[in-house]
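There are two complexes below, and they share subunit A, which is joined by subunit B in the first and by subunit C in the second.
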Partner chain A sequence: MAKDRKEQKKKIIDKKVSQINNSLNKGTLFNNLKDNLSYMKELFVDDDLFIIREIENNFNPSFRCAIAYCEGLINPNIINESIIKPLMISKNIKKDDTLIDHLAKRIIQLYNIKKTKIIKDIVESVTYGDVILFIDGIAEVLILNVKKFEARSLTEPENEKILIGPREGFIEFLPTNLSLIRRRLRTNKLKFKYLSFGDKTNTQACICYIDGIVDNKILTELYKRLKKIKIDGVIDTNYITELIKDNRFSPYRTTGYTEKPDVVVGKLLEGRIAIVLDGSPIVLTIPYFFVENFQTSEDYYMNFYYTSFVRILRILGYFFSITVPAFYLAIIAFHQELLPTPLFINIALERQTVPLPTTLEMIVLLTVFDILKEAGERMPKGIGQSLPIVGAIVIGQAAVEAKLVAGPMIIIVTFTGITSLLIPKLNAPIIIFQIMLLLLSTTLGLFGLTIGLSYIIIHTLNLKSFGISQINLTGEFKYQTLKDTIFRAPWWQMKKRPKQITKNQIRMQQTEAKQNV
Partner chain B sequence: MYNKIKWTIMTLLLGLSLTGCWDYIGIDEMTIVTGIAIDKNQQTQNYELTFETISLMESTKEEGFKTKLIEATGKNLLDTIRNAKKRVVDKLYFSDMKTIVISNEIAKTEGIGAIINALIGDAEIREKTNIIISQEETAKQILNAKGIDNPSTAYEVRKIIDNDNDVTSSTKPLFLYEAFNTLREPGASLVAPAFHLVKNDDIITPELNGIGVFKDDKLIYYIDSIDSKYFLFIADKVNGGVISLSTDNSGKDNIALKISENRTSKKYSYNNNKIKIEITTITKVDLHDASDRLKAVGKKEIDEAEKKAESLIVKNIKQLVAKAQKEINTDIFGFGNLVYRHDPLLWKKLKNNWDEVFMEIELDVTSKVKVMNTGFTK
Partner chain C sequence: MRKESMTSRQAISVIVLFIFGSTIILGLNTEPKQDSWISLIIGIILSLPLVLMYARIIKLFPGESLYNITERLLGKVGGTIINIMITWYAIHLGSLVLRNFSEYAEISILLHTPQIIVMISIIFIAVYTAKMNIEILGKWGIFVLPIILIMVIITLILSIGDYNINNLFPIMEHSFKKVFDGGFKILAFPLAETVLILPLADFFKKTDSSYKIYISSLIIAGFTLLIIIFRNLLILGTPLMTLSYFPTFTAARIIELGEFLSRIEGVITINFVLAEITKVTICLIVGAKGMAKLFNIKNYKNLALPVGLLIITLSLTQFSNVFQMFDFIKIYHIYAFPFQIIIPMIIWVVGEIKTKNNKVVT
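What follows is the complex of A and B.
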């Protein structure tokens, strides 16, 4: 018996799968309510969340209909008041050809109603919190929007904390995210285009851009790449990032990401395109320039002298964090004559009793630092107190005192670790290039370091984002092209948008003469 | 992609064959040499080298480093250096060596040319290593003595020479590359700092004691540290130091002038087979010390001091040149090089009997001293 039931069940599931995979797109509805309902039940077999409720009109018993919805995604009050109640007690429901329009226009008191005949649409809507109204005798249904989701409240994103400026962050709910963007850009030129990704997840995404500023070439290139995505599910924007990347093996990003609506609006105004994905608070912006790795939203909200200085620090931080360990190693192991004598003697003294060779010592310590960093990120907050103690005392002080590692090495590793925290957007290149340069300089000294750096420079200069060079290679050093790169020019000088990504360059009408009055 | 990988590997392999003789050396696996003293055993004619090295085993972080001496003998320099390795565990490392002490005897009898030639060819020894002459019996004694500040005598000596020029102007440093270049330069003269040992607080310690002057590569004369200042005036190497003089007739030096800047220009003229050298010094000084403090220093006193200082400089320079002409019989000032640089053809004519020409040189010294500041409050 049990075996039979199992087989039966399996058959049903197989049937369902094949239906969803093959005939869902072509499947249509029946005229008969009963057939429709049993068809739906078959589609959602073994799904207890899926609920069908049949309704009849008190004054016209021949009118029969049914609503189907998924529990937990809908607002029950609205269903009771605006759907079930009018359908039951309305006096002027007549069965004729215009019945479905009549219901939509006069009976059901909802702001968002759509008509459809396609099974695929029905399945997608009902799983996203819509109510489906089936009517007896009509091979068409109404999709009634009564969504009600639980979502996180708008908080400041943990990863992009700032001192000054807007603190709102995106959440995991697409309509809220879009509203946050729309609210800041009150123009009809702002366009939203819905798309969906994933055969199974059917995740909704929205492409935003400002018409007239955006370069259509980039827009079509983006659509072309997005169309190629064939994947069962898209859970976070990083899926899309990696699937539409220009140079797939490069550790550098070719799309920007942010959790802050003000950042997205700033990028849209420069002619970029944003991709907002349902279920993810991370919004992508394309195309992406190399300098964007070093930019933060605060750069534009604080004094330009200060932010220019900080931006230079970030660029130096990136350079230091990939080269300092390799440089130290090359000097200590190959080119001791480059060290000033007092430093040389000190390091030699420190290294006297260290058991490991310098290279191994450095690799071990860098790994330990990364372990501590990772543990600090993943650790439950309750035991957070113990990590700094372990890190600082056990590994730092005790290891030096026990002469397991040399003091200068701790300084180098800590310095590298801290500088790499300056630029979280470049964490992948930092880890890859750091190790690459380290290995090259242990084998070839400064010569190896030079080879590695040349490779990195060539690779960085070759970076492309949607066909646009991430670094300006034209050799054109005009002030307007440099104004927002290694320093941040004051706002009254940022008259033009980036030339590479938009043809409509003029951002500011104001002339300098007027400025001075 | 495959091509890219192929080229990357080939570039890396090239790196192995093109990068000379570097290799991975642990920084703690070498014996750091801070200075060498070069002596020669007169009986066996063998070199006797003393290396001052940093003893990493005895050194601690708190007390700083300690040094020890390693001795070696051998037929020639390279042989001797290699022989030293027989006594120590780790390879000798010369890039941080600061001082080469050459014994009085080697410098006088056989010259320093061979030593400099051998040392400058070494990859590790720096061109800016100081060369000094030991006025003691052996060069080893200098390294064996203890410096007052620095645990390494070689470093102490180096620092004494480095700072001398700004404070006392009594010596002219000689670097390895300078020695090499000067020996090849026509008419130039080689000068090296000389050190002797003195007793200071019951410890024997090296002291700078003027300069040793060379004819070709052989030491011929020592100029003491008082006369050496005027040697530096002629050589245009004065950057500091003190001129003391007396303005009253008591015979006591009651005024000290601190030299803050000096420029010397030399010119020569050739007439009737005779060279005439004109030396002009322009010196800026601060008036620093006067015995009668309560008396205000006025323009009169300053003018007087300037005049006296000028005549003192002229007198001393003339004396020193006369000494070179009569006692030393050598052009220690490099006047020959001055002629060579301006008129190589004339030098060609004169160089064979330059010593005789030098004896006959006429000297014309003019000096200008300007007091810029009086160093006390009125």
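What follows is the complex of A and C.
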């Protein structure tokens, strides 16, 4: 019996929910204030944050209205001063057809007022910090913007620290983030388009681009993909990243990300498109080139000789971090002749007492390094200091002294680990390809390593971002196409924008360029 | 769908890699001994008219694959016969090249590994590449060719100490006929194998000059081969070079830089594998395209895997040991003659006549 009743209750609730949902999508308001309020109460039943306050005018008792809002999202002072006070004490409120416009234009002292009849809009705005003004006798409401959110202050992003250059970083609040971009690009060509994602979260997002530079083909492709997103909630930009990815199973990124407004502005100027999401300090930029994995904002703020050198180091770092362990294994297991004899004898002596086979030893040590790295990132700062000691002394020195691992192995693993830290944007491919090459070179030596590398090369060459190849190897090595890839050309030579992204390539007017030279 | 295409530089680098293919493993014909380099030059000169003919065929029918041309020129039956022959040649060459490499691998680097594993690894990459847009193969060419050239230059520089100029003398010790014969063999393997690029001509851009593509790849490849043959001759000398099956490998063994760098033949293998993959991939694509044409299948990419498996099977079964393989290589130029010279000649002549009479509407 109890079960039946439960089921019955569930059915009733389900029915009610579907009714409400239906009325939400299509529903409009009643003429009567009472009906409207009871309807709202029904929608927000069991929600104590939702508050309704009824108001009457002192001079015209027939005028009755009510405001509804969610506690914690609004600014109470403004509600008191600019909404309730004028509504109560204003002398010239008359009930007629133009009442709602009259209120909006003359009585309520707020900068942002919208009118609506649709219940869905009301629900969305009241849960986002707006105040809804219901007026008796009118089937329309006013949405009053009195948002006040607590947000983090602008700080330097932890994972994009730089020595020279702007340090401001994005925060979790969309309008602030947009203002950071707008402030740096003071032109009417900069466009912002609002979108929202998620059936439940209704997260606001904004697409920014510079009209006239952006390629419309990429823009329409982006909209096409964004429209396909059907998900209940979007909490971070990475949700979008993975939902609109080109090569879905590839470990590589096909969208860029950054926490710094100056980086976003730089990319917008090259013709890229940025996606800013409310609630996330990470901003996406598309399309994405493979070289962007190796670029940092600092590259453009420091001397070009130095940054070119560092960029080449990063590219080498990526290459080393995936191949060095595999290469070492291939030499030890298959091609000992490559080593000079004395060195080989040394290594062989070291290896004599080690219990594990080389491959297993390598995998274990690489995993240990990754554990240490992960622990170091997640640990509270107070305990964090003991980690390097444990890592270096216990696992490094003690393990070698106890003859559990060979000395050269520690060197190789540490070197690989440190080089992989150079390029944080490629951490996923590094992990996967490292293990893949490792296994191939244990079984097939240098031949296996080459086969694995060929696979990686072809996979990487095939990468696309919004239909545009991430690596452009046509064989025509012109200076202007190379200038921002493996090295960074000085600014007076960056005369053109990347040609794959934009048709409007001229970045420097010719006369100005001549003056600079 | 956008038409797949390669830029002319991509095409050049791919063809160069194709010519390198198994040549940098096997080395060229070494029968003329210290005069091999003369044979190579003769081979290059002999291949010029041939290559010009191939380029002319592409020029006559720009943007079209050989498989489509044959049916229009020679009718349904004649065209199908030619298509079958070209498809067979592509698949067989692929298997031959694969076998060359696996034999090399067994003798030199992977002594205890069954050959089939080596073959499967290479075919896996070839199928993976073939399934992709042809542009990826072009990019691969641009990416890999410099690596191989740099490696050749490095070995060249490192081995300067081991050069013995006397290895080149006496010049023209053997009869002119023998040297000329060597030239013919070099023509057949590898230079005229570029006939297999013809079925890929629909991937070239119509605006690109086919002459430029063919001639410049021939020059780059020929020059590099000349350097390689000189290096091997200077290091090894006649007896060693003719004795060893894989002269480059043997030469790399001798190279050393002080105490630190020695026995770099393992690293040289990387070079071989990269060139090998390109050649097998091209044979695979040409084979798959031919099959698709014969069986009327729209997308040749669906046939990449079956043709790949076919190549492995053929490769495993055609020789029972390495000696048979080298025996076959000795008569390869006779076997390849109809595919490399007669078929293109027929297509060229008929094509020339028909286009002149305006009977073929392009």
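Observations on the model:
In the analysis below, the second predicted complex is superposed on the first by the 487 of 517 C-alpha atoms of A that agree within 3 Å, B and C clash if a C-alpha of one lies under 4 Å from a C-alpha of the other, contacts with A are read in each partner's own complex, and residues count from 1 in each chain.
Basically, contacts are C-beta pairs under 8 Å (C-beta built on N, C-alpha and C of every residue); 3 or more make two chains touch, one makes a residue touch a chain.
This is a predicted model, so every value here is computed, not measured.
Superimposing the complexes on subunit A yields a three-chain arrangement in which subunit B and subunit C clash.
Contacts of A:Leu473 after superposition: subunit C is touched, whereas subunit B is not reached. Shared-chain residue A:Asn427: touches no atom of subunit B or subunit C. In the superposed model, A:Asn159 makes contact with neither subunit B nor subunit C.
When the two complexes are overlaid on their common chain A, residue A:Ser196 makes contact with neither subunit B nor subunit C. Touch criterion not met for A:Asn238: it reaches neither subunit B nor subunit C. In the superposed pair of complexes, A:Gln493 makes contact with neither subunit B nor subunit C.
When the two complexes are overlaid on their common chain A, residue A:Asn145 makes contact with neither subunit B nor subunit C. By the touch criterion defined above, A:Asn60 reaches neither subunit B nor subunit C. Contacts of A:Asn462 after superposition on the shared chain: subunit C is touched, whereas subunit B is not.
Only one of the subunit C stretches 116-124, 152-160 or 224-232 carries C-alpha atoms that clash with subunit B in the superposed arrangement, namely 116-124. In the three-chain superposition model, subunit A touches both subunit B and subunit C at residues 334-335, 337, 444-445, 447-448, 451, 455. Looking at the complex, you find that subunit B touches subunit A at residues 8, 11-12, 15-16, 18-19, 22-28, 30, 32, 54, 56-57, 59-61, 65, 93, 95-96, 98, 124, 126, 155. The part of subunit C that touches subunit A in the complex is made up of residues 7-10, 12-13, 105, 109-110, 113, 117-118, 121-122, 124-125, 128-129, 132-133, 135-136, 138-140, 142-144, 259-260, 262-264, 266-267, 269-270, 273-274, 277. Across the interface of their complex, subunit B is touched by residues 332-337, 341, 344-352, 354, 357-359, 440, 442, 444-445, 447-448, 451, 455 of subunit A. Across the complex, subunit A meets subunit C through its residues 334-335, 337-338, 340, 444-451, 454-455, 457-458, 461-462, 469, 471, 473-476.
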